[in-house]
């Protein structure tokens, strides 16, 4: 993490009032440790995230985080799908990354677990957002290692090394 | 709610003849209490909403409301999905918010409940549309509080505060 | 219906050889009673409708009708979904309305019913297309009344009026 | 079929190595009888078709054929869906027709039937591609007649004529 | 494989930390045998692939490889669908090919098989990416032969030749 650049890069944090966890706060707290500037906007629900990300990226943000909760009903999952496709469109329109952080309400067994999941996933993704701007090589150094956000990392397959060696000359 | 600005922002209200509830009227009534101007266009069905929103946003509206009813058959849900994706496209093309207010005909147990649901959801979303233009901080002040439109708010998770404190230094 | 304007608006009628009903003819017959000009192009199937609508709208048509039949197999419904999304894309690219008139082959119990459904839905949508250009207020006057094409209108919810009155001041 | 025009229109034939049938050859053989020029490019799989069609259409082709086989697994059908949406995007970007010719591996009961289906569907679509450029009225003359590619035509509904006559004045 | 051109074409390799196999390394090793230059970027997950491909293609890459693993849960398959549609959008925006290499975590029976599948599919697709730039005729020479990546080739249908001959004059 360097602090040499004159102007720190800008990360837009977009979250929702629909969510049951203050994801924006968690992201802001986590990003305080990085040499980045932040701007935060809260919108009603997940379908509103994509265009607000686009607006902030058009206005100068270098990367955006789209933070949202997905309800447990079938229609909620369809909304999440539509929201995600909107986010893909916003990335195309801006040529910038948008880190999508969605937590499904039924991913956890109880409210305590759900809070912890919200918090862990949001913070790990926030660190990723900062690293993509400040230290992109961090990711290449960990390619294929099964990193996860909101859960424990699953690790890389043990066979990688052997297979790579064995096959690296074949064509 | 201020009235200092010379020209009040313009909200486009787009609704349908397919709907069984006059959603546009409910939105207009609700917005009468805000310092906003309104324009209203009615189209046949939900798939016609996206492009009419785009037309009005291109013509100067600052935000649009896409008001529609989704029928109870499987094909109706697919139409709603297509309509929603069209609305995401329209947001991308205009870089403006479109508040999507869809009521599913089978969300309520009887016509009375359905009418009340239509009315409540449309009015709450109308207030949101006005606040996004006039008072955007309103949403950040309520981030993560589980706000709902058409139903009672579900509230934020009780663990938020503890988790945030406990983890705010971890990296 | 006025005839004051120098040049009548142009409606593009796009239909298919895949359909088992001559939808284009039905639309043209119906539109003969309106002060509109028409152009008609027939393409092989429903996935070809969107780009032909775009071509005609780019060439000066004010509105397009996309007329197609959807077969009864699961793959046919997926094709209809893709065709519909293409139509949403074409609307975005042209900022003009495209009236999508799809009849599903299995919506009716026999061929007589199916023919009648094709005919009724196409003609009602054709009238809508003309009214959107000539008399847009017609739709606002009927907002929320549950209008249908290809079936009887279902009507508005009886509670509309009461609910509207009762809640119009609440915020 | 005329041969008056100075420069014959150009049809781009795009097919795949994934397919188990040489669809490009079938299309080229069929188009040899028409006053068209052809260009052929083969790509690995169906998801690669859309952008190659766009490249050829951008480079001067007047129409493209996207020829592909869809495997029998569920994931293959999802790939076909994504490929089709890409093709809709390519049509929008070029304002030109792309004839999508997809054969599902499980549409036939055995390899002989499957070969015949591949061949028939590809050739009929190739003729359609040529006619769309050379003789567009051919399609309007056959609107609503239930034409099929890869199967026998199903024919128009017998009621067409009666219904049309009976209802042509109603509004 | 020629090495006559002054500047070798550039292939962008984009992979993820989510994957359990170092797909980027496998691709780089395989491409070392070709007259191509490479650039590699690693992103967190599959939804981040499309925009990074677009960024690299906008910056001068001639083709991109989008390398990712799809988890075994239903939500993972939806994410893969969204990622694929983003990749289709990126192709349209750049008019360049993106080779999508997705491995589903549940495609293999154990970790050894999964590693071998990752390795084989990535390397075969890497060779395809190079050939599309250096030797495009390679694919046309193998059209319809049922080539596969990550599995054995399935071969062309034995009837091809007969059917082609038998029907080549029919119209």
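So that you can tell them apart, the chains are marked A, B, C, D and E in the order they are listed, and the count of residues begins at 1 in each.
Here is the rule we go by: a contact is a pair of C-beta atoms (placed from the backbone, for glycine too) under 8 Å apart; a residue touches a chain by one contact, two chains touch by 3 or more.
Just so we're clear, the structure is a prediction, and the values are computed from it rather than from any experiment.
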{"item": "Other chains in touch with both chain D and chain E", "value": "none"}
{"item": "Distance from the mean Cα position of chain E to that of chain C, given in whole angstrom", "value": "41"}
{"item": "Residue list for chain B, restricted to those that touch at least two other chains", "value": "85, 89"}
{"item": "Contact graph of the chains (line, ring, star, complete, other)", "value": "ring"}
{"item": "Interfacial residue positions of chain D with respect to chain C in the complex", "value": "77, 81, 84-85, 87-89, 91-92, 95-100, 104, 125, 128, 132, 136, 139-140, 142-149, 154-160, 163-164, 167-168, 170-171"}
{"item": "Chain B residues within the chain C interface of the complex", "value": "15-26, 29-30, 33, 40-44, 47-48, 50-52, 54-55, 58, 75, 78-79, 82-83, 85-86, 89-90, 93, 111-112, 114-116, 118-120, 123, 127"}
